[in-house]
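Taking it in order: structure first as structure tokens, then the write-up.
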């Protein structure tokens, strides 16, 4: 740093005395906006590094051949002016991009991805529709029992998923009738849903619903009444106003609820691995099921799991990049004079 | 296309009664202006007509249907909102065509109507702008266009021209009037612009604190205000009010007397405390209108502030020894506002006598504020037109 | 407390130039009204002064500082926004006190000031209301109060009274004027209300399509408009314009002649195409003002629409054989608007002669629109006050 | 109707049919009726998929599995009682307990309740602050923002198994390159790191913060983006510094969103299991959900009872948060 | 003979008859088999073919493999759910010998003594490794519920080249078949470690996980004559009535020995032992973590399952040696019954049947096919799965399997000295506590005696 700076000084001798740092400080004091900007970039880079580093590590794992994975340091020794030192960043031990191919050769990983993708899309749509209606009711209507109902819905998420799974599994086998709890009185025998998307989409929808309801409630509540009023006078029903005005204007919230639901389902493991009775893509086993197929009884192919998860994350990255287009600011700008 | 009736309509919020037992009967095709001070319940009334607010009591009838509980979309109303309320995610075209698209009008019809409306509000080239790229006035015009592309039974317009400049406002007024004629729609129109109310309305409804004060044709409201509130509210600048008493010989107030034959008027008796009201344009320099002089004590004044308005000069006059003060919103008891021709030769701090045009002097009951008479010249025949007591507050 | 200077300030949006090479020099303590048609760039100008919009070019100076790149908080301005923009999560008290709390004023001081401001805008009892529980006018008043509690160097007010009723508006006007006197602040004030501009402003700046047209004291703008645009824009209803030509003997137009001695006026030559401008109040029935009669051809008209306004009647007059039409926004070439006393005896479709007050007839260059002369009476001395050619467009 | 089709009401009246009648009827419902109508899909779905299983599970929690797991006996609320008396501790993974058996550090850190609460409080606090920071960064306009956004959000897109694997391998006894530096800082045990309860809890907490800050960031960002930009103009002109704008405008307006984020994150954090399982194991870092899952296969009654107790504990925590937010005026 | 005593031998024969009748119907029956995930994924067709060709399965029976979860615990949970819910598929399962017992207890799987023919039952009784078969038998009734598919047990792998370089001669001393003592072994390890340029003298698994409880600790402890529950007879219960003997001298000694290996800690009784040649990393290692350094040439000794022989042999060829796990106390001196001597923990998988299956007859046919020696050798060849019957170890085919054939002698010795994990309904609760304490002791968190005292009380709690 120091050397070129001094040269700068020579080139522009008429610049104020003092080093560039001083000059920068000088200018910074005149214009605090610069400090702010600089600080901002420092923080941003910090966040980038901390969030991306584990992904880098994942990539290192994926590229390292399986045989060398669990033995030997990932920190290479480097020669630093004669003194041996440890390079502070992990580096792949070898270069084996073939892992990204093996991922598809060993198991039909794309099918697992497709399964998860399809499940996630379906669930997201269902959740958004149902949660939108509920969010409208909770966020924009005043009715008795509102608070209690919201708490009740929230309470669903208090339970560990394990609390739902046994009765649901039994119901989805379609072998035994559903009985009224605490009695043996049969109600009806549900259709067999095991190993079908239905057995996953239904519980996902229910379990991820509370979050979306709460998100959408908050966002819908923030849309000024005036806009809904305008839409209704123009001739929409309340639901029409919801879909034509409130939802578009809550786009950041809706997109967020969608992303969160999508990702949660896309990565869901607990329910899907139970409802898909085996790790077969044909049984609607999900992405994580695929990733776990790289395990055998005694060995774990960490490199393939890493490669698979990098591949598996890609659609989500794309989705986020696309969906976040919707997370834009100032949606209600220019709407109201109030 | 629809008669509009509000019967005993009331709207209470937690601590305010925004609209209080309102009765309105608006004829099919009538143009009614709703005026009143800020917060008097105009917008609330509109919202109840539109179906956006449910009345706490009373019924709203449009045409023959009781619509009190009907959703807005089934009421056939279009509304220009006071807060404009454009759809921020739609461009101007989509905003304007929103109602039409909802009703599945054919594409060409929509295009035609939107273009026509944009034309009327002079936004031809801006159909693809987004609301946040427009000026306040432009937004308001979009809101107007959005209402007028539809051809509803009832138009509700809440200060639709508030953000427009004078010229555009005149233009819009004309256009709205023409539209009104063409479509024969019932229109309720809120405005704070007296000129607008006067020129456009078939009748003006004056509200105060949620209560209907008077609903009458504009000139009746102007010339025969039902009560002190209406008298003070209609007309800009405001009517002058002076406390007075009815005496045997006429009217007496602190600074002047007026000739008045109480016997010729019903409902006025000797000794009654009254408020004398006279509009600024009915105050004249005695030198210019000596013929109007009346009463034993002339009105001696000192001119205070002069406000030249271009086509007239507002002259604040102090009666008695009132301190010279700044122009104030309304003439108080020892102050009179006079509106005179700009060519009149007048300066500040000038002593002069003024006279009132007694044909246009109003008397109000000091206690209740109800109008007693409009014009205090005894009519040639006992019950002439000019001097009839106010019976307009139906 | 600060002189405000805009030098060559320009603001371009993608496809519009909202403000175009604007130069304004506003004195410390001056009250300037910004007027102009909707979308002409008034709000944009304000925003650039406030620092909310960065000019595409030019510099803004407040006091002695070039503030072009300074953030708003360092500019010492307070602003009433056209779109009101109350903080929805704060009650009235918090909204009003916002600026004070930012500056850590002591609690009592804040209370005192907020109460005072609430008093001025007549919202005393409403300090704990939330914005969404208020009427449009009430919200606007909160916005005003929010600006006036602070004592900034510069006040920017963008149509602050648009949603208030006439009475309150008069009240607010007075209050703002008093505040202006008390604090001696520089104020830029956007309004569409001519009366407001006329009564409040030290100078009026007239904008059109982003360009400054004239900045002058109100009566100068009214009486000596710099160009056709200003002439047509200032004054409501608008000035009448008639195309004419300068002849040897005077002025000739399609329907009438006017006595005019072109030699007495600089810049006017025989054969020049001019636009003759005359305000409605300078048109009189010949019967009432015979003394003003002039010119060889009298102005023969048929009355068309009559618009009684209470204190005056707008009379639309058709010259020549023009078809009877509805009232229109501005008198066109074969139409004249006359403002007369309401006591005048006049009916629709009445044939009559009218005369113009030549002292107040304006001539404009038909091509450029620049004013040529205000008043066409040859002055007693060659260069009298009334007839001086327009040199006001600095 | 008169045959004048030009008007809107003419147009309206032409629209008939059952659907129109239905919408009309629906539109006429009162707010309350309407709200319940809109909520009915939620009720149906949650009723079938949540309420029914929960009732069954509750029923299950009143039974206990015999020691050879061949039969179930009705024991009433014994399962619940025994959980608190410590009798159930023997079915919990390793030597972990439900309540701490004493106030020593070792006892605390083998108590599922303590570990869960500790983890939730620490993780959620850090996540909220970091998520807020990230959201504020993402709210700014700068070149390449969309990619930075994606970058900050993707940790959330990583399946828990992989998240576990990433951190497990970072601290793997053979190849984990982070053990030594962090041990030097005194943050971790130097050997057997992932089996050291304190170290493992630390690593799990860091891993969780890494992943779920993104959840916070995403939600808060959405809240930030929904703020009417006009308000900032007003605040700026009123003289607000950046900090004041944040304190007086941004923060109060995103508080509801933060509230939701904190609420759900707390709930999720208090149900942590997968990450523990992948990184260290329930014997080392017991959590409430760990206890549910580990007893799930062998002692369903116990498992069900723990599930309900877990829900109740979360309910208490959440109620505390909601109450706190309520006090702050949301 | 015990198996036949189940009483329904005749029924078995009857079933056989019906089965033929079914087959005659011409309709193909598909049998679904819950199988090993990887194998089902990679070699489903080959195995299916082998069942027909090597096992002689009738053509009208098709076998469809359904991959189970790779994690044995999850697979157990899955099968538990399926059986609980009365599911009819899969028709048969591959079950870990570590939990077959629990399914038996719960009555969830088909009693094979009723399904299989006498002939089959006799074969199993007489030819199969009895210790292994035992884990598929109901201890109360003696009925058979699972047919062993393949046993799995570890051996000690080592680098012959390095050991020889240090001056030892494994060949001469018959290390491959004659177990040596831990003392001798530890000195070999320590010497070689000093001599060779490797990171680790010994790698094994000692993480807190099932593998430590069931296997590594179990082996070491047994080889010291210790036992969890007082000896071999009490392995499978009865819970609550058997003694808990973890807090006993041999068990504590075995832990101390591990401490010595890792930390070179001094113990009175272990004076003659070598130490300090392995790493505390074993405390976090499971199979693959410990295998990697070995295959990478960075370790001398390595304890692992047969699959590791495949992996290591491909790296070192003939330089790879195997030996039975060393021992400390010979069988006759062992404190607890049935322990002592070389001990290999017993893993492996059984075939079980779904009682709800519609195709039980076909299931019996598939089981029959899987019991054919040719098929078992086929599995040894393709998957490295050891045959469940001892005699096949000596077969020529087995010897020809590369590389496993070279190590069949060690495997046979190990196979005859296995120790099953004490699987009961409470084993999973116990195993996690055992692993935790064993790990803590070797980590020197507390003394071995204290760790075992704590474990003792935990186990007492669990057993009730």
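In order of appearance the chains are A, B, C, D and E, and numbering begins at 1 in each one.
One rule holds for everything that comes next: a contact is a pair of C-beta atoms (placed from the backbone, for glycine too) under 8 Å apart; a residue touches a chain by one contact, two chains touch by 3 or more.
These numbers come from a predicted model, not from an experiment.
**Q** If we look at chain B and chain D, which chains touch each of them?
**A** Touches both chain B and chain D: A, C.
**Q** If you apply the touch rule, which chains end up adjacent to both chain C and chain D?
**A** A, B
**Q** Looking at A-D and A-B, which pair shares more C-beta contacts?
**A** When A-B is set beside A-D, the one with more contacts is A-D.
**Q** Quick check: how many Å separate the C-alpha centres of chain A and chain C?
**A** From the centre of chain A to the centre of chain C is 57 Å.
**Q** Calculate how many whole Å lie between the centre of chain B and the centre of chain C, each centre taken as the average of the chain's C-alpha atoms.
**A** 23
**Q** How many angstrom lie between the CA centroids of chain D and chain E, rounded to a whole number?
**A** Their C-alpha centroids are separated by 41 Å.
**Q** Once you find the CA centre of chain B and the CA centre of chain E, what distance in Å lies between them?
**A** Measuring from centre to centre gives 98 Å for this pair.
**Q** Of all the residues in chain D, which ones touch at least 2 other chains?
**A** Within chain D, residues 27, 172, 174, 228, 230, 296 contact more than one other chain.
**Q** Listing for chain E: what residues touch at least two other chains?
**A** Touching at least two other chains: 289, 292-293.
**Q** Out of chain C, which residues touch more than one other chain, so two or more?
**A** In chain C, 71, 82-83, 85, 136 touch at least two other chains.
**Q** Give every touching pair of chains, nothing left out.
**A** Pairs of chains that touch one another: A-B, A-C, A-D, A-E, B-C, B-D, C-D, D-E.
**Q** Name, in rising order, each residue of chain A that touches chain E in their complex.
**A** 67-72, 106-107, 166, 169-170, 173, 175-176, 194, 273-274, 277-280, 292-293, 295-300
**Q** Name, in rising order, each residue of chain B that touches chain C in their complex.
**A** On the chain B side, the touching residues are 13, 35-39, 42-44, 82-83, 133-138, 140-141, 158-159, 162-171, 173-174, 177-178, 192-195, 198-199, 218-219, 222, 232-238, 279-281, 307-312, 326-330, 339, 342.
**Q** Once bound in the complex, which stretches of chain A touch chain B?
**A** 224, 226-227, 229-238, 240, 244-245, 248-249, 251, 330-338
**Q** Show which residues of chain D lie in contact with chain C when the two form their complex.
**A** Against chain C, chain D makes touches at 228, 230-231, 233-241, 244, 248-249, 252-253.
**Q** Using the touch definition up top, name the residues of chain D that touch chain B in the complex.
**A** Those residues of chain D that touch chain B are 6-9, 11-12, 24, 27-28.
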